[in-house]
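Here subunit A shows up in two complexes: once beside subunit B, once beside subunit C.
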Partner chain A sequence: MLKVVNMSAGYGKLVVVKSVSLNVQRNEVVALVGGNGAGKSTLLRSITGLIGVSEGRVFLGDKNITGKPAEKIAKMGLSLVPEGRALFPAMTILENLKVGLNAGRASRSEAESRFDAVFELFPDLKKRTGSRAGDLSGGQQQMLALGRALMSAPDILLLDEPSTGLAPVLVAELFEKIAIMKQTGMTILLAEQNVHKALDVADRGYVIENGRIVLEDTGPALKSSERVQKAYLGV
Partner chain B sequence: MMAKYPRSKPLWKLYIGPMIMALAVAAFPMIARGDYSYLLDLGRLCGIYVIIVCGLTLLMGYTGQISLGHAGFYALGAYIPAVLISAFHWPLWAAVIGGILGTAVISLLIGSSILRLQGNHLALATLAVGIIIGEGVSKLAITGGADGLFGLPQITLFGLLTRPEVRVLGIKISQGVLQLYFIWAVVVACIVWAVQLIESPGGRSLRAIHGDEQAAESLGINTFALKVKVFVASCVLAAIAGVLFAFVHAEGNLLPEEFGLMMNVQLVMMVVIGGMGSIWGSVAGGVILTVLHEVIALIGSAAGAADTSRIEHLIFGVMLALILILSPSGLIPGLKRATTRIIELRSK
Partner chain C sequence: MGQYLGLFFANGVVIGSIYALIALSFNVIYSTTGIINFAQGEFVMIGALTTAWLHVAMHLAMPLAILAGVFTAAVVGLACYLVGLRPAKGASPVTYIIITIAISIILKSLASFVWGTDPYTLPKLVQGGVRIGAGEVDKHSLLVIPVAGMCMLLLVLFFRYTRVGLNMRACAENKEGARLCGISVNNASAASFALGAALAGVGGVMITPILSMQFDAGMMMGIKGFSGAILGGFGNPIGCVIGGLMVGVIEQFICYFSSGYKDILALVIVVVLLLLRPRGILSR
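On to the complex of A and B.
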């Protein structure tokens, strides 16, 4: 589904992501874990076309999407939920969700069924469709960011540190939602600092340090590895 | 299953405002008494500025792209057809269409090259465009230089606007009122178009660009193309206002003072004072500043002052500062919030 081959990317002359290769299969949840500044967000942003790729290639299915503009990549079925949510604060919940329809053109009935699916997964949003996104709590904003991305019915969803800034109870609720999305067969690449939760929900995972992939394995295997336990789980 | 595709706003809410505005303008000659030709003049000028500010609000308030040079496109709308008529002897309507299309093409070329800039850089680039066009029309021989162009034909609407008066259902309507109706009919059409645009998927995309440009891109919105489109649309509205100024309001006499540097500043002030994210704010901003400008000039002349421009700048500056302190989102959104708050307090 998504294949990254020896990709390097960064900001100007600063190379943040160095020769990274990874892949995500259909219906799979893959975690990308690492500390602050390891290059997770840069990797996700370069996959989605928001940052230029200096080396390597990115494939979505059999299509080479390297260097394509972000809006085209989104329309090809790859949706990013950025770090910090990046909602449109002056717009209502309903309007934010409608903007999400942009990437995946939908007939009226298809749009209705997408609204239904999003409101079923996040019932709180349905109760407050007229509220401004900027007036929502952090947890509700994260749910709206997820819902907005789901409105385009993406082939693969990229989540960039969704638990950042959320209280523990909301983090638990968030990962429950991700688990539900996994059960529905959604393909997800999840970048997270909360290694414990991310590896619990993921089928496989990658550990990224200083812009390079240093470990790759199944979720449970990574969780029990000495390196992950020492560096990220405080064991 | 949901009953129907959820709608952001009911239809009546979209069109009630333009309808009330149209009725208010239509009722004006029935209410006004005595010699109100001066008020008609002011009403026409208000309408012309509202059209420009409406476009500027779409660009600045909804899309978040600043322009300090829209007086330049207002000038192009007036001067391109004027030059086509005076120098190349084009018929009036062909020249008017040529002027609007010409402005669209020029704004497309300018927008495509400057809209990759952001913030202060974009503001300076648009200011430079405004100054270059403003200086151009006041210096070039073909535009009449500082003396301007005189004796231009007027838009007559098949002779309707040149009649001294017409009678509709027994009501006498003078030429000045007809011209007012014509200008405000264009204003209402522009407002209806703008309101529809804002509520459409395209309008939501514009607001998404304002909210977070990169997030909008990652949701499949071609932000650059949309920014160029809204820039061109706002310039076309400024050009339409220019046409109305030159060929309806100014009675065939076109002077470059109307399109100077201060006009760029005044237009932005109209947007900010009325309310950046509100089409009705653009109506309020356009009307309030135009009327205030005239009131200051009237008081100044009654007091024997030859030039009131300095006191006008002072009053406008103080007004802008007060609005930014008391209601940073502008007058109309501020009033809306205050009304909602009062209703909430009363219902408690």
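On to the complex of A and C.
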């Protein structure tokens, strides 16, 4: 579904992601874990076209999406929920979700069924469709960001640090939602600092340090790896 | 002066309604693109002169001439963005300002070449007047107020219920978020220039029967609209409407003392108000 081959990317002359290769199969949840500044966000932003790729290639299915603009990549079926959420704060929940429809063309009935699916997954949003996104709590905003991404019915969903800034109870709720999405067969690449939770929900995982992939294995195997336990799980 | 208060106020609201439309046109472009378009007044002039030329010189029916005038303004606005501003994507705000000033000079020169330097006017849509206090306001002028109000209502509906409108608002709020939703910021910016120019063109069509229009009159209209926009607070559409109305009303009251100084004194008052509230009258 998503294949990154020897990709390097960064900001100007600063190379943050160095020759990274990874792949995500259809219906798979893959975790990308690492510390602060390891290059997770840069990797996701370069995959989605928000920043340029200096080397390597990115494939979505059989299509080479390297260097394509973010809006085109979004329309090809890859949706990113960025760190910070990038919501439209003065627009209502309903309007945010409607804008989310842009990336995935839908007939009226398809659009309605997507609204229904999002409201079923996030019932809090349905209760406040007329509320401005900027007036929501952090947890509700994160749910809205997820819902907006789901409105395009993406082939693959990229989540960048979705638990950042959320209270523990909301983090638990968030990962429950990700688990539900996994059950529905959604393909997800999840970048997280919360290594424990991310590897619990993931089928496979990659560990990134200083812009390079240093470990790759199944979720349970990575959790029991000595390196991961020492560096990220405080064991 | 008391007996003329109502008259000045009514005239101020009439002219202010047009300034409010022009202020909104600045705001539509600024919100989506972050560009303050100093050629905005030329779109007022182009909308007005195209309409007047088609109706007066080419004898085209008034409604068709108005549609053609507003459409021409929109096309010129779109062309200005595509040819002048889009290639400079990523430039500094100062560069954009210089480009828009250059566009303004070019459009003014082209207008004098196409339409000459004589003023054009349009017939009033409604004849007769309405007595207010010791004076009389003509019915056409009063018609400007509901027409401007209707344009504003249509603008609200456009931004709230149409896909293009929602996309433009999304770009105004968070360009990265908009791109991640599949929205082309370039296309939204182009749409904002076309819409902003069309709005300015409507303002030009409405003011021509009252004040007449010539190739170099757009700049002052643009300055008045711009003053309304900064007085109300750039980025705040309601503020733009209030700011535009205030500039119009202040200007008309100054006419009581000296019509020759109305432009200068109105702008001095705007500057003083901005010194008191630098982020606009509706700022917190």
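Heads up, the rule we're going with is that the second predicted complex is superposed on the first by the 235 of 235 C-alpha atoms of A that agree within 3 Å, B and C clash if a C-alpha of one lies under 4 Å from a C-alpha of the other, contacts with A are read in each partner's own complex, and residues count from 1 in each chain.
Quick note on the criterion: contacts are C-beta pairs under 8 Å (C-beta built on N, C-alpha and C of every residue); 3 or more make two chains touch, one makes a residue touch a chain.
If you're wondering where the values come from, they're calculated on a predicted model, not measured in any experiment.
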{"item": "Clash or fit (per the criteria above) of subunit B with subunit C on subunit A", "value": "clash"}
{"item": "First, second, both or neither for A:A70, with subunit B first and subunit C second", "value": "both"}
{"item": "Which of subunit B and subunit C A:G100 touches, first, second, both or neither", "value": "both"}
{"item": "First (subunit B), second (subunit C), both or neither touched by A:N23", "value": "neither"}
{"item": "First, second, both or neither for A:T164, with subunit B first and subunit C second", "value": "neither"}
{"item": "Subunit B versus subunit C as contact partner of A:P89, first or second or both or neither", "value": "both"}
{"item": "Partner chain in contact with A:L50 - subunit B first, subunit C second, else both or neither", "value": "both"}
{"item": "Per-residue contact with subunit A, leading partner among subunit C and subunit B", "value": "B"}
{"item": "First (subunit B), second (subunit C), both or neither touched by A:T129", "value": "first"}
{"item": "Shared contact residues on subunit A - subunit B and subunit C", "value": "48, 50, 69-71, 74-75, 79-80, 82, 86-91, 95, 98-100, 102-104, 148-149, 152"}
{"item": "Residue numbers on subunit B that touch subunit A, as the complex places them", "value": "1-2, 4-6, 8, 201, 204-205, 207-208, 210-212, 214-223, 277"}
{"item": "Touching residues (chain side subunit A, partner subunit C) in the complex", "value": "48, 50, 69-71, 74-75, 79-80, 82, 85-91, 95, 98-100, 102-104, 148-149, 152"}
{"item": "Subunit C residues within the subunit A interface of the complex", "value": "160, 163, 166-167, 169-170, 173-174, 176-185"}
{"item": "Interfacial residue positions of subunit A with respect to subunit B in the complex", "value": "48-50, 69-71, 74-75, 79-80, 82, 86-92, 94-95, 98-104, 108, 111-113, 115-116, 119, 129, 148-149, 152"}
